[in-house]
Amino acid sequence: MQNKKPKILENLERVGIANLRTIVMTNWKGRKYNFVPEIELTIDLDKKKRGAHMSRLIESITETIEEEIEIRHGSLEEVERDILKRLKEKHPYRRAQISMKTELVIPKKTPETGKRTMETYDVLVGISHNNGIYTKILRVEVLGNTVCPHAMKNSNGKTHIQRAKGILEIETDYDNEIELEDMIECVEKAFPSEIYTLLKTEDERHIIQKMFQNPKFVEDVTREILDNAKKKFKGCEILAKTISYESIHGHDVIAEGSCKS
Amino acid sequence: MQNKKPKILENLERVGIANLRTIVMTNWKGRKYNFVPEIELTIDLDKKKRGAHMSRLIESITETIEEEIEIRHGSLEEVERDILKRLKEKHPYRRAQISMKTELVIPKKTPETGKRTMETYDVLVGISHNNGIYTKILRVEVLGNTVCPHAMKNSNGKTHIQRAKGILEIETDYDNEIELEDMIECVEKAFPSEIYTLLKTEDERHIIQKMFQNPKFVEDVTREILDNAKKKFKGCEILAKTISYESIHGHDVIAEGSCKS
Amino acid sequence: MQNKKPKILENLERVGIANLRTIVMTNWKGRKYNFVPEIELTIDLDKKKRGAHMSRLIESITETIEEEIEIRHGSLEEVERDILKRLKEKHPYRRAQISMKTELVIPKKTPETGKRTMETYDVLVGISHNNGIYTKILRVEVLGNTVCPHAMKNSNGKTHIQRAKGILEIETDYDNEIELEDMIECVEKAFPSEIYTLLKTEDERHIIQKMFQNPKFVEDVTREILDNAKKKFKGCEILAKTISYESIHGHDVIAEGSCKS
Amino acid sequence: MQNKKPKILENLERVGIANLRTIVMTNWKGRKYNFVPEIELTIDLDKKKRGAHMSRLIESITETIEEEIEIRHGSLEEVERDILKRLKEKHPYRRAQISMKTELVIPKKTPETGKRTMETYDVLVGISHNNGIYTKILRVEVLGNTVCPHAMKNSNGKTHIQRAKGILEIETDYDNEIELEDMIECVEKAFPSEIYTLLKTEDERHIIQKMFQNPKFVEDVTREILDNAKKKFKGCEILAKTISYESIHGHDVIAEGSCKS
C-alpha cells in the first residue's frame, strides 16, 4: 500500500520517525561511551509513492546498534553513517538524514582547589546522505554566564550577572574530524567565566573575580564563540547563539550569528 | 457501560480531563479579564463504577463559561465553583477538583524613570469540593533574583547574581478572599530586587544598587515569602519554594518551606 | 558602550529579546481579542557596533501595545509592523524580525448534536522588515488524528489510530491577506476526522465512522495540507508538517513537505 | 555565614540542589549500567541556620559516584544511600532526600516475528533518610494505549484508540527489594496491548487484534496497574496514574488511584 500512487502528487522532503530513544554504544579512542539518544531518521519521498516503510527505518537502527556484542563504532557519526548505509539497502531514497540528541559528561578540575567535578552537556550529532555525499552537523549547548559591561560602568563596578547558554552548531564534510569536546571548549572560553558543578569557597572567589574582570554582553559571547570556532575548525559553516536568562528581567536576551571557515 | 461494575474493585481518587484549554472571562472589580487557561477537572470514582461520563465533565465547563454574553463571574474561583455545582447535577461525586493554570498581566511603573511596563505572572487557581465544603488553592510564580551573601563577603563586595523563581501556594477556605496581586507582592518583596520588563539606564542602576545592598540566599527568599504571606493572609496553609538558576553552576539551588497562618 | 567597536568584528544576524510575555489587544473585524503572546524581537547588528540598545527594543513594544486606550490594531501583524516602524526611529537596523506565539480560540458546533464547543489552537504570527520590505510568516498547529490504511487492510478493517498534530506555515508578502482561521481549516480538513473538545455519544460515533472511512498515513495528511493551502492561498511559500503520536509505538512518525503557490 | 541566625525564624523542609546531571554507574546482577540522571538532593534546615552548605551536598554526590574505578554499587538506591550517608558526615540534617530521574532501556522480542527490539522507559529512584530510617520511592512511566469500550459498543466494533502513559509509583522500606523491570511489567500488562519500537506487519496485526479484543478505559488501566502491583509487591504504598492522549479530543483523559499492599 505504501508503494501505491497517492491522491495528491507532492514530493515530501522528510518522512520518518522522531523521538525514538534507544541505547547506543561507542568506543571513542579507547574509552567506552553509553548513550540513550533521542533519534530522528527521515528520508525524502517521491510524489509517486504514498508512504515510507517505517519499519525498515526502525530496522536500520536496531540492526546497526542493538545486535553488537563488540562495540564496532568509534563515534555517533559512524553509527549514523552505518544506519544510513543499511537503510539504503532496505529502502530507496535520494536524501536521508539522521540525528541523535544526547548528553556528554566530561571530567574537569575546579580552578583553585583542583577538585574533580563532572560536567554534562547537551549535544546533537547528525548525518545527512545526499546523492552519495555524507555531510555532518554537530551541535553543543553549554551553560555559562553573562556580566553586563554597560551596567558595570554606570553602577561603579557593580553589575547584573546571569546564567547564559551558548550554542555552537557546525556543518561540514563527514570526513572533517571535529571533536565535541573542542566545540564545547570554544563556547566555554567565550563566557566571562566557565562554570562548574562543584565549587569550594576558593573556587567560587576565583570565578567571581574572573566574571568581574571580564564583563560581556550576549553579543560579545556570540562573537567570541564564532571567532574561537573559526580559528579551530576549517571548512565549516558555523552558527552560534547565546541566550542570557536575565536576572533583572523576566525575558531573555539573545544574539545569533554565523560565518564560514 | 461506564455504570457497569468493573473487573477490579478499586476506588479511584481522581478521574477526569486535563490540559483542556478554552477561553474564560471574568469581571474583577469592574475590570474585564480574558484568560485561556489550561484546565484540569477530576472527580472521585466509586469502585463499583467502571468509568466516569467524561462528556458531562466537559459540558459542565462549556455550559458555564461559553454561553455567557454578559460576564457573570468576578473571579476564576467563582467560575470554577459554578462548574463544580453544575457538574454535581450532571454526575454524582463525593469529591471534585478543578484547577486553571493561566497568566496574569499587571501594569507597573519602573522604579526611577516611572515608565509604564507590563509584568506577566504564571498563576494557578483551584477549587476542591468535598462533602459540601469548598476549599481553594492559589499559586503564583514570580521571577526575581538571588544575590549570594557568602560570596559577597569572600570576594570584597563582588558576588554572583542570577535569575530566580519564587512560588507561593496558599490553601484556604473558599470564602477567604485573597487577591493574586497581593500574593505576587509577597514574593516580589522577598527578592533582593523586583524585576521589570522595561528598564532605562537609571532604573537599571537603581535595581543593581538594591541587589548589592540586599544580598540573599535562596533560603532567605523562601523565608521572607513565608513571613510576608503569614502576615498578610490569615487562616491559610502556606507553601513557598524558591529556585535559583545559578550563574556559576549548571544546576539549580532550591529552598522549600511551609507554615500555617 | 553599545556603540563602541567590539574586539571581534563579526556581523550578527539576530540580536534582541525573547520569551517576553505581555498583553496585546486587537479588534479583528469588530470582534475584540486579548492575547498574552510570547514575543521575540531581533535586529541585525553591524560588526562595528558592540551591542544593541535592548531597552529601545522593549520600548518599541511597550509604547505600541500598552498605552492604547482605544484598540487601534486589527491584527497581530499590524501590531508587529507598528512595533518595527517605531523601532526604526529609535534604533538603526537593516533587518528586523518580530514574532508572537499565542493561542486562538474558535467556537464550533459538534458534528451531530450541534452543541457549542470551543477549540484552542497554537498560532505564531511574525513580521520581517528587510530593506524597507515587510514580509510575514504565519503558523498554525492543529490537533487531529491518523488512521493507518496499511494496518486496516491487513487486519480485516481494524487498525491503529492516534492523536496527530498538523502544522502549516506560510511565508508571504505583508499585504497578502491570510486568515489564521482559513489556515486552521486547511489542516483540519486534511485529517481523517477533525476533533472536538465536547463530543456527545452521537458525535463520537460520527467521528469514528469518519475516521474508519477515511484512513490516512501521516504522509497523506501532510500532502493534503499542502494541497489545501496551495488552492486557498496564492503567492505563498508553504510548509507542512504532521506528527503522529503512534499508539503502537513509543516514538512518533513524521512527514514534512513544502511548495509554492 | 550559612551558620548565622537568620532574620526570619522558620524551619525549611527541603533545601538543596536540583537538575544536577552527572554520570552514575551500577552493576546490577552482573550487568553494567551507565546512567546520566537528573539529581535532586535536599535536606531540612533548622530555623536557627541561615543557609545550607551547598558545596557539601555536591561533594557527597561527586565523591560517591565519580571517583570509583571499580563499580561498587548494585543499584541506584545503593548509590543514593551512600550519598546520604556521606552527606550525614559532612553536614548535619534530620531529614534528607535524594532522587534520580533517568532512563532504563530493556531488550524485548516482538510478539510474532520474534525480532529483537529495545524499549526505553523513564524511571525515578529516590531515597529518603529520616531519623535513621531509609525509605525509598520508585517510579516508572510506561507508554501504551487506551481503546474505548463505550465507543466500540456504539459504533459496531469500531472505536477510537490513542497513545497513553501509565505511571506506577511505589513507596516502601529501603530493604524491600523491588525491580523496576517488574514495575514496568505491571504497567505494560494493564494496557489493551503493550507497544514496541519495532513492529513488522505480522507483529502489527497481532497488536491490533489484541487491542480490539481488549478495549479499556483509562480507569480500567489504572485499576489493573494497582491490582498487578498489589499482587506483585508487598508492604508498599502504591500510586497509579494513566494519561490518555485522546485521538478525538485535543485534551487528555486521566485516572489516578492508590492503595496499600
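Each chain gets a letter, A, B, C and D, in the order it is written, and its residues are counted from 1.
The working rule: contacts are C-beta pairs under 8 Å (C-beta built on N, C-alpha and C of every residue); 3 or more make two chains touch, one makes a residue touch a chain.
None of these values were measured; they are calculated from a predicted model.
Asks: Kindly list the shared contact partners of chain A and chain D, in label order.
Replies: Touching chain A as well as chain D, we find B, C.
Asks: Please indicate which chain is farthest from chain C, where distance is taken between mean Cα coordinates of the chains.
Replies: D
Asks: List the interface residue numbers of chain A and of chain C, divide the shared ones by all numbers used, and answer same when the ratio is over half, different when under half.
Replies: Counting shared over all numbers used gives more than one half: same.
Asks: So which has more C-beta pairs touching, B-C or C-D?
Replies: If we tally the C-beta pairs in contact for C-D and B-C, the bigger total goes to C-D.
Asks: Go ahead and note the Å separation of the Cα centroids belonging to chain C and chain D.
Replies: Going by mean C-alpha positions, chain C sits 35 Å from chain D.
Asks: Using mean CA coordinates as chain centres, what's the gap between chain B and chain C in Å?
Replies: Their C-alpha centroids are separated by 28 Å.
Asks: Which residue numbers or ranges of chain C touch two or more of the other chains?
Replies: Residues 20-21, 120, 150, 197, 199, 201, 250-251.
Asks: List the residues on chain D that touch chain B in their complex, please.
Replies: Contacts found on chain D: 1-2, 6-8, 10-21, 40, 42, 45, 50-52, 54, 149-150, 153, 217-220, 222-224, 226-227, 243, 250-259.
Asks: Which residues, counting only chain B, touch chain A once they are in their complex?
Replies: 119-120, 143, 145, 150-151, 154-155, 158-164, 193, 195-197, 199, 201, 204-205, 207-209, 211-212, 245-251
Asks: Could you pull out which chain A residues touch chain D in their complex?
Replies: Those in contact with chain D are residues 20-23, 34, 36, 55, 58-59, 62, 66-67, 103, 105, 107, 115-118, 120, 197-201.
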